[in-house]
Amino acid sequence: MPKLKKKALVGIVMGSDSDLPIMTETARMLQQLGVSFDIEITSAHRSPERTADYARSAAGRGLKVIVVGAGGAAHLAGVIAAETTLPVIGVPIASSPLGGTDSLFSTVQMPGGVPVATMAVGKAGAVNAAIFAAQILATSNGSLSRRLAQHKREMARAVAEKSKRLKREFRL
Amino acid sequence: MPKLKKKALVGIVMGSDSDLPIMTETARMLQQLGVSFDIEITSAHRSPERTADYARSAAGRGLKVIVVGAGGAAHLAGVIAAETTLPVIGVPIASSPLGGTDSLFSTVQMPGGVPVATMAVGKAGAVNAAIFAAQILATSNGSLSRRLAQHKREMARAVAEKSKRLKREFRL
Amino acid sequence: MPKLKKKALVGIVMGSDSDLPIMTETARMLQQLGVSFDIEITSAHRSPERTADYARSAAGRGLKVIVVGAGGAAHLAGVIAAETTLPVIGVPIASSPLGGTDSLFSTVQMPGGVPVATMAVGKAGAVNAAIFAAQILATSNGSLSRRLAQHKREMARAVAEKSKRLKREFRL
Amino acid sequence: MPKLKKKALVGIVMGSDSDLPIMTETARMLQQLGVSFDIEITSAHRSPERTADYARSAAGRGLKVIVVGAGGAAHLAGVIAAETTLPVIGVPIASSPLGGTDSLFSTVQMPGGVPVATMAVGKAGAVNAAIFAAQILATSNGSLSRRLAQHKREMARAVAEKSKRLKREFRL
Amino acid sequence: MPKLKKKALVGIVMGSDSDLPIMTETARMLQQLGVSFDIEITSAHRSPERTADYARSAAGRGLKVIVVGAGGAAHLAGVIAAETTLPVIGVPIASSPLGGTDSLFSTVQMPGGVPVATMAVGKAGAVNAAIFAAQILATSNGSLSRRLAQHKREMARAVAEKSKRLKREFRL
Amino acid sequence: MPKLKKKALVGIVMGSDSDLPIMTETARMLQQLGVSFDIEITSAHRSPERTADYARSAAGRGLKVIVVGAGGAAHLAGVIAAETTLPVIGVPIASSPLGGTDSLFSTVQMPGGVPVATMAVGKAGAVNAAIFAAQILATSNGSLSRRLAQHKREMARAVAEKSKRLKREFRL
Amino acid sequence: MPKLKKKALVGIVMGSDSDLPIMTETARMLQQLGVSFDIEITSAHRSPERTADYARSAAGRGLKVIVVGAGGAAHLAGVIAAETTLPVIGVPIASSPLGGTDSLFSTVQMPGGVPVATMAVGKAGAVNAAIFAAQILATSNGSLSRRLAQHKREMARAVAEKSKRLKREFRL
Amino acid sequence: MPKLKKKALVGIVMGSDSDLPIMTETARMLQQLGVSFDIEITSAHRSPERTADYARSAAGRGLKVIVVGAGGAAHLAGVIAAETTLPVIGVPIASSPLGGTDSLFSTVQMPGGVPVATMAVGKAGAVNAAIFAAQILATSNGSLSRRLAQHKREMARAVAEKSKRLKREFRL
């Protein structure tokens, strides 16, 4: 998936390469919306220094939003949010036998003072993390805002289109 | 709780006046961070038109972020996110016998295409919704960004202070 | 699945075409009971206007009952119930990594004032939505009421038949 | 709570007198909507014959809808639905240490063939059972249908009124 | 699976023929312990009369214990326990998208007065229902009691045997 | 609560004296049914030898059934069932912050080979443990069997009585 | 609670002073076992640097074991375990509306490579964290090992004593 | 998997040979860290005497730590912890239809006085049990402590390496 070498506005981080099939959805949707990003693997538990360095330097490197995907006791988003005032978006990934409830609770139940904006578990959440990152950037970027409005209209149109096809199948 | 008559940047919405004891925390933290807001009650289910009107007109009225608190089958944040491309932050409120899991799942499990940035259930989430809203605004507002950094330092200082007091009690 | 062009009494709605394998069961059972229906895809989040239009015009178009299938943060049934006083029946669909608990809670935990009659998660619920819709119509339709009673007797007979076969296998 | 001696259209049933504080809400809302009802205690487990008699004779006595409240392993609604083709509405009651999840699952997860229209756990569900019963009756009763529409408008008005008051408190 | 034509002491009942792969385990273990049984399909919801007849006549037909397997809103064991004072053993079966929690809660959370002795969800529970039925019968049957003690010793021996084999694989 | 010095047929065991308010219900119901019992505190974890001694000697001392109440990681019933072929009935007690789900799962999810007959969480379960113990004994005791049938009829009568009173309150 | 000024072997850490009522149990039990400790408040999210400093310097300061109490998205134990190879014991605290499941999942579901030894939620877990820390130290400290064995015997004796008292109350 | 015949310091125990695919991970990681172990199958429920013998003799045979894997109503770790003051590490295994929550709750929710150090459900937990056992031994073994530190550095390096590869794929 090649990407233009624009300065990244969104940082995508994941705790393990096994999270890639999910977090690829974030990358794909950011590309579709024309938002530049970089991508990184770093673990809250296996590479804590690297993670802290990433988070502390994020604003300085020009990132505006960080999207974090992690599973199990998903601490990564919270640990990054602890080290930056950039908005951090968390994507819980269902990677343990507990089926995603552990990742969701670990990501969302942050204490007062350090928010993580949590998305749905899995692919839907990874897609939405990209859209939400774009919505944040669009608060000061009219052209991105228009692209988001356009994407919204297309979604509505796609629903209507699918409905029409369904009705034909049922001969209604 | 009086508030300066600045043009509101953040809209606080709740589904019922019984949500006020929680959502007051959002208002209080926004004031502390110097972010202007307005506040509204509207229900996804009992006043759907009013809710759609609110969401559709939000950007035009100058709102940049919407914070939504709701309990039970908490549809309000999702329903507002359906009608605007502004970032919508959801605060699940534990108001039914199911104890907040219902509100959390109803708020966070949005389908691909329409994100709701979900915070922790209850007061911690309401406080964090304010901070997250400020973090969004701070992506294009250096002075707010500095206030957030300052708030972060104060939190760290407060922890150290409490630890010192605890050690004294234990005579360590 | 062809259908006679009678004026539809039951509206089947689903949030996405991925819900069709479940919601087909509703269509099939309504046909078996001789109840006319139409079918539609519309999303609470991706096509909110279309959804509101559908709900507001439902009674005027002659619909008597609406059956709604949706997964994840399943807001669709609640959102439709907000816009009509027709009885709305919700079928939670297990489509996210959380396995159906999210859809069930999002569908059933409606606030006082706006009921959604919730069925079991998945296929059993989709079948029952059809039967329940017929039971509603049968409150003022004696012939349909007799067909339902007939269906009930056939279910009892089928159980007895299966039991007899089982006993033969065990040579009892 | 006195009631006019009209022939009952809705039967309210509960498994135990400890369910009365919840199920009273159904009675109150039916009265408010002008729908006649009778009320009964019968247990799926402690008085099974009485329960079967109740269910089998319900249609003959003129009942059009049955509302059932029960807690724990809440079998009562299902057991009644097994014996009648009248629409049965279930209200799960949170009466065990498991906090209502047990009642909800026991009420809603009915097998294909025998639906129970499940409402929210507790008081919200009891209120909504009344409204849903009225919505069923209104499918063939225009004046009741108008009362329901009126009730819907009043709910919307009440929300707007509360919002206005809230804004005054915040001096917005 | 042929069976001697002794008068049945244990009745095995299941709600649907889809429960057979689980409930076969009960039959197999009863045979292994030399306990006579009969087997029946009857549904709490689809064949309520047949179910009540079964339960009321059970003691008269010489049954001493009833084992009941059911899934989803698993009412069958409770409904049978309502109609007899014979000991009723419930086996929750994981047959719905909710994965067995619904069957477990529906089987075990019986109100004071009408017990159902609940076993583990699925096959382990079906095996144990047979052993528990035998333990009940063994309270007045010394030879069966000795067979159970023998079975217990064999289980312990089998564990020791497997451990020895494992140690060999690891060359310990 | 004095008790006749008959030879105990049922052993009541609990893991801690904090379980007594629940397990007293078992004692009370056994007395009401005229079944002799003894009572003991022993912990699976804090007094394992005492627990094993209790279980191994139970049959020899004339006990026919053992009722076990325990909370949290409720191992006591399983540990006793491991050491005897007497029927063991488990009562899960809600004593931890997890609210009873932990006790229920720890009691019921026994592996194939060693059943624990699990009752509802808390007081309802403690009452039912007594009734179920009596049902076991009644498989070879006609007079106890008649007392159980009598108790069942009284429960049904009590329900009818309460219903009559309720109807009077509502003037139906 | 005064304490001898021995060099601390166990570090007690908690995320907030609101966790003190629980974590005091760890301190009390360590004192009872004669194990020296120090105590600290530091937050994974509000004071991340302080937390990392604490963890990195722990071994150098002579600590042998770290006990960590935290609630909600309880990341503190995992974050400390990421920075040290000392054994880290986690005590989940039930401090959010989700009732402790969130803290338990966040503490226990650590990825392969970085263990946190998780105790029960709440006070039982805090007591056990102290005992487990002592068990770790006792692997190379015979006198502490004897104290633990002594404590185990006392627990067994206390159970027997309570049982005797209970029997007297029941006149058995 | 051959192993040097050093005197075992860690005992690996599992309740059934079906747990081997998980518990092999503990053996493999202990080998990688150069820690000697032995391995055993014994069941809390099917071979209670063997289990008690194992636990009581463990310290005498030179074991310093015991790692226990079990599923369902996972009593094995608690039962072993009841009979020894050696540190006991529990690995919950997801082997029942309830998907691991039952094993986790049964392992972790131990009463005050008898700790079980609980790891994550499944393979991650089995790996971590080995590392945690080594961390315990390393509190009095400098060379093992250095190997653990080395392993930690390698994990961090592996994360960085994977991240580099990922960036290349995305051409960043």
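Here the chain labels run A, B, C, D, E, F, G and H in written order, and each chain numbers its own residues starting at 1.
Throughout what follows, contacts are C-beta pairs under 8 Å (C-beta built on N, C-alpha and C of every residue); 3 or more make two chains touch, one makes a residue touch a chain.
None of the values given here were measured: they were computed from a predicted structure.
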Furthest chain, CA centroid comparison against subunit E: B
Inter-centroid spacing, subunit H versus subunit A (mean Cα positions, whole Å): 34
Chain centre separation in whole Å, for subunit G relative to subunit E (CA means): 42
Sites on subunit F at which at least two other chains make contact: 16, 43, 46, 72-73, 96, 98-99, 101, 104, 108-111, 113-114, 120-121, 124, 152, 155
Which pairs of chains touch, using the document's own definition: A-B, A-C, A-G, A-H, B-C, B-D, B-G, C-D, C-E, D-E, D-F, E-F, E-H, F-G, F-H, G-H
Interface residues, subunit E side, partner subunit D - complex: 15-16, 43-46, 48, 52, 71-73, 75, 78-79, 81-83, 96, 98, 101-102, 105-111, 113-114, 116
Interface residues, subunit A side, partner subunit H - complex: 1-3, 8, 16-17, 20, 27, 38-43, 46-47, 49-50, 72-73, 96-99
Complex interface listing, subunit F residues touching subunit D: 94, 99-101, 104, 120-122, 124, 152, 155-156, 158-160, 162-163, 165-167, 169-172
Of subunit A, residues touching subunit B in the complex: 25, 64-65, 85-87, 89, 104, 108-115, 117-121, 123-124, 127-129, 131-132, 135-140, 145, 148-149, 151-152, 155
